[in-house]
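Below, chain A partners chain B and then partners chain C, in two separate complexes.
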Partner chain A sequence: MALAQAKQTATEERLASMSLPEMCGCTRAAREDALVRVREMGLPGRRDEYWKYTRPDTLISAEAPHAVVFDAGEPLIFEDMDNLKIVFVDGVFSPEESDDLTLEGVTIDRIEDICHKDIHWAKELYGKLEARGQVPVQRPLAALNTAYAKDGVAIHVSGKPSKPICLMYRHASEASDAMLHHIVRVEPGAEVTVLEIGPAASRFNKCMEIDIADNGTLHHVRAQGRDHERRAVTHMFTRLGEESTYKSFTLTANGVLTRNEQVVELTGDNAVAHVAGACVGDGDFHHDDTVFITHDAVNCESRQVFKKVLRNGATGVFQGKILVKEGAQKTDGYQISQSLLLDDDSQFLAKPELEIYADDVACSHGSTSGAIDETALFYLRSRGVPHKDATNMLTLAFLAEAVDEIEDKELAEEIVTRLEGWLARRS
Partner chain B sequence: MLEIKNLHVQLEEEDKQILKGVDLTVEAGKVHAIMGPNGSGKSTLSYVLSGRDGYEVTEGSATLEGEDLLEMEPEERAAAGVFLAFQYPVEIPGVGNMTFLRTAVNAQRKARGEEELSAADFLKLVREKAKSLKIDADMLKRPVNVGFSGGEKKRNEILQMAMLEPKMCILDETDSGLDVDAMKLVAEGVNALRDEGRGFLVITHYQRLLDHIKPDVVHIMANGRIVKTGGPELALEVEHNGYADILAEVN
Partner chain C sequence: MAALDQTQVKEGVDQETVDAVREVGTYKYGWDTDIEMEYAPKGVNPDIVRLISEKNEEPEWMTEWRLSAFERWTKMDEPSWAMVNYPEIDFQDQYYYARPKSMEEKPKSLDEVDPKLLATYEKLGIPLKEQMILAGVEGAEDMPAEGRKVAVDAVFDSVSVGTTFKDELAKHGVIFCSISEAIKDHPELVKKYLGTVVPVSDNFYATLNSAVFSDGSFVYIPPGVRCPMELSTYFRINAENTGQFERTLIIADKGSYVSYLEGCTAPQRDTAQLHAAVVEIIVEEDAEVKYSTVQNWFPGDEEGKGGIYNFVTKRADCRGDRSKVMWTQVETGSAVTWKYPSCILRGDESQGEFYSIAITNNYQQADTGTKMVHLGKNTKSRIVSKGISAGKAQNTYRGLVSMHPKAKNSRNYTQCDSLLIGDKCGAHTVPYIEVKNNSSRVEHEATTSKVDDDQLFYCRQRGMDEEEAVALVVNGFCKDVLQALPMEFAMEAQQLVAISLEGSVG
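Let's look at the complex of A and B:
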């Protein structure tokens, strides 16, 4: 079907505002295919069902809306911890600020560099999971990223690196419009922790494709924030092999628009995928978690745990789906999305979905929206805890189920400590 | 210590008078018990004193050592020395019992201008107090009251009371839902806190708790008022004859 004229115009305007990277090397074919996909699908519009709750206008406009660079007055979360830092400033790799990229058990290359080499695994992965993830729901901004992203890293994990790999995204210019594409391949039995931190840019489009082979494990912990005016659309495409594990947690604080999509495909038996998120937003904050988990193997487990704390008119969105394909017996799927609304002006929009074609599965889902529990609040206050502190304690308690999804206790504690600080400082 | 004069209270949301002129004075070092039939206003009195929302004081006063309690926020009352042991202690998933206790103790110390307890000092203190109430390390680690048995919840209330060392302890039906052994344990915890500088207001339906926590004064509350006051023998009278005789006599 031909695209509506308005959509086609908007798409061509956006494409005209960008330049394609030098078309060579192992990503060339993938980029060309992606560009065809973008033109076929058109960029998201307000009438698209998948964008019903989140307006894509500012994500597709030819120019990125400006965003003031925010001085948080503290280092980025995890910045002071021991990890291998790969720094991007406004979406451009910064060799000066980054650590040496050699680490035992892992090989890290810039996407730009692999373009000039013919790396087999990268060729097999770049753009491939994104393309698979376009069915049954279209994700044009991910295809746009595959075609146009000039920077990013290719991480090949063959062992168990001794420390996390930390992708650090600094925001330096008010007019920055950044696009990064990362690919990660975890070989059989290998294990890695990937961290992503920082506001990135005024507008940020990030795509990460993760391929986890049998018995492989990838832990992903991300902290998006805390620039107020930033916008971001991110896609994580993950494919899991037999007995493999993927655990992802995202903390989001501030930002006028954040859309995080997680597309997970369990293709090997006994695989485990947990995706979780906690966000704290205020005022014109808009945060959208869109998750699509496909069970296509036997005895796999998936968990989605999303918690949002909203106030002063902030908006939270959750679109989460579990698709259990025919034959994916013994599937154990769990999905919970909850919001804590600290006033009457904020809103939470949730669309939980289950689609099941196997007859021996256990899938549960729940979604709630509520205020602070007044009885619990009184209980804390009656013990001498001031109103604000008591509210913050209950807020953290609300987020705890999501934060608990982080396996590494040190990382989890750091998240909680930061959250405590942020909550305590806000009026 | 605690002085309540002509206290009238109604529910905020409906025009229903619950307390209709309560007069009560609890002296430091004394244990006062309030007994009375269901719906007489006992629990309301405890909530109003500790500052729960939903009640409107239409007349009268309540002071602690001369300070007007009714003007204070719940946390200010706590810092001033009021403690309510809840009839139904609240479960708070996600908040560790230990974190809760430490936050409460230090918040009160801060409000009173005292130095906060260090982590080490706090730990030492809480372990010591928990031991005498047979509260194990696991209960301290778990989220506040979550998955606690009825007895454990009540012991946890007494532990909080022991840690916070309030001046005025209000126990709202602390015996409800307890078996005999648990009740003894809770009563021992309370008795250990009896002190010349501390007042107690023990709200109960039954005499049996008062076998373990011996009151100095017993009040009978009915229809929003204290209708009779006497010594411990008054509780025994209730136990033998029920409330009907007393109420008939008063009316």
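Let's look at the complex of A and C:
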């Protein structure tokens, strides 16, 4: 009882520290519902099973811990590439830095603006997938986001836009505490690439709801910024229709605490969902990938590929689940989580789960952890490769399976370049 | 077995497998023995705890130990994390102590033994020679043993009916008796080891067991002794509305070896019955313990009525260097199984192994697995778990592999496979993996494509396709495990041998 009381107090303290946005338009009902959900569930605590390996304290505290703004001395990844930039500074839309939001095949609105309109599709989506994603596991921080996020974009994809849409998150203030909520609707047969880059804020809570209609395709590539002290909790809720495709890749380098949740629901037959992540952590670094994939249609394919390279006391967490519902026959589910521990101080904590209620399925998962393969290292060194280079080569090779999940070769190359940079700075 | 008969079996699943599962689903031990019983009043409270202690003629310290456990238990909550659903258990609506009236005084000759007790053991398929001893006949040890010797401790509801081959074992210094006798005759050993592997406050059911355990087995193997025969305990629940709470304590001193078997059955009843046991194993330097179980409690009927709720805490502590423990379990019974035989690998180079086959049918639910806690250097563990689910059953593997920072150069290999027969059942895998040093290697596999590559390569070289090759390799491995199970277990175990992994999921 005392525990429930403590949780309630912490939740109310957090809610009191924020102000609700103007309750109006098509998001009003969703926000009100979400607020009720948050109060019912309470914000996550240390004793919650779903937060067994990651301490949520600093993510729910009334005040965000400060984080020094880091100057990497180089532009953000993908910044110089041709894409439609939508820039947020400490979680606030910056019209000056952003490109013109018009692009053929896509309509982009700010969440703040749609509040004053009654956009049919947005009403159907805002807070809806998040609410669905609360069962069977509660995700109170996402509900908190639905209720309180003041900014974000609503992207409506009706064709095949010529260039990616790039959500760029800049970090400017040490005390920033940002919350963004995006919604994306991909119409039948439409295709889009969404990029997310940058550290965003000292503390960042982001929620994205993606609804992909039949035959639609969405590619998502994200790089979470190099600021050492930043904290982030992100949720991506994706629903897939018939023969649709969703492919997501996340690169995380540094950041004192990151929790990325992916909640994917395959509701149409023959849909394909791939989620992948590569993370490299050095020192005070805690990275948590939590994935929940639900198969609720016939002949769908899902893949989870997560690789973590850890050193100097860094911690990597993976919680993955494949849920195959009754009747979701011919499901092909694959899940792999691996960590490469470069020294004895780092740790890898994993909970790769399967829950299967259909008999004609092929689901498999694997999870490994260990050091660099001495035999491979010896092989390279015996051929004249210096120790340092050999270690870096093997580390990159280890991460390759995850990076290969990015379909666009140009984007993948950029990711590899950044990974090489990370390794070079540390060897 | 109507549920299974009507099920459309997926192509690729062997008929043999289906038949084997169907066979297992027909419960052969569902009859009961009509015997006059003596009960303690229903419910649990400090008076009942004292009464059980009194019935077992226990010393004061033991009574106190039980009472403090009861005190803790009243403050604990029933765990709810397992993937099992059952109606709330009314812990006050159970008998915590029941024994046959005829056991009040130990019978001296065959004529004195209650014929009903005798018939019970005959029906359970235990050989005559054993039967005489099991029924508590003194002097039966002198008769020539037929076939292989297996010493048996038989527990009927709350009391141990008899222990065989005690004298022969004593010649080797081995102590094998019921735990109630051990508390009286070897208090120093019991005091030293009881509750050191599974602490009183370990979990809800273990704490309840600590308070109300009525009987169970006690084994002590002295240093350097290889136990001359297999030891076995046979648990039988007979009385209605009665919970069985047994406690087993096995101590393998330095350099010793013992193989221990456990079997269990219960009559078919409409109401569910509770079974909450605790098994503690202490393995000292260079010692080795093999613990095998065929759990065959009544699983409930086709509609899911009745059956045993099996909440068991089993744990082995490999205290000494190079110590070794091996758990083998074949879980076919119980309406609800909640069981995680675990290994604490404390000693350097100690080894833990867990082999499990869990079969669920109709409305059975099994949530079972293991914990491998690596604390010492160069420790090794291996987990092989096969879950087979049919009817409307749910089968979950739940496990933990933990490599502590000091467990350098340790190794774990885990493989869990599940097979579903029919589209109304479920198979789940919930492994926890915690690695806190980089010289250890942990591999968790749930794919059938990566069983021993060399053997696979050999088979494929000879023209088998991959699936055939995998099935052959895994089947061969299964057989090894199953054939290691002796005695009365062999019958049930043989039925499972035919199980193939074709069409399996991770």
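Here is the rule we use: the second predicted complex is superposed on the first by the 423 of 427 C-alpha atoms of A that agree within 3 Å, B and C clash if a C-alpha of one lies under 4 Å from a C-alpha of the other, contacts with A are read in each partner's own complex, and residues count from 1 in each chain.
To be clear about the criterion, contacts are C-beta pairs under 8 Å (C-beta built on N, C-alpha and C of every residue); 3 or more make two chains touch, one makes a residue touch a chain.
All of these numbers come straight from a predicted model, not from anything done at the bench.
Contacts of A:175 after superposition: neither chain B nor chain C is touched. With both structures placed on the common chain, the touch criterion links A:394 to chain B but leaves chain C unconnected.
When the two structures are aligned on the shared chain, A:20 is found in touch with neither chain B nor chain C.
Within the superposed three-chain model, A:68 lies out of touch with both chain B and chain C [touch as defined at top]. Comparing chain B with chain C, more residues of chain A are touched by C. Legend: residue contacts after superposition of the two complexes on their common chain; A:363 is shown touching chain C, with no touch to chain B. When the shared chain is aligned, chain C comes close enough to touch A:352, but chain B does not. When the shared chain is aligned, chain B comes close enough to touch A:378, but chain C does not. In the superposition on chain A, A:424 makes contact with neither chain B nor chain C. In the complex of the two chains, the chain A residues touching chain C come out as 49, 326-327, 329, 339, 341-344, 346-371. Of all the residues in chain B, the ones that touch chain A in their complex are 50-53, 73-75, 77-79, 83-84, 86, 89-90, 92-95, 99-100, 103-105, 107-108, 111, 143, 160, 164.
Note for the complex: chain C touches chain A at residues 10, 81, 405, 408, 418, 420-450, 503, 505-506.
Taken together, the chain A residues at the contact with chain B in this complex read 374-376, 378-387, 389-390, 393-394, 396-401.
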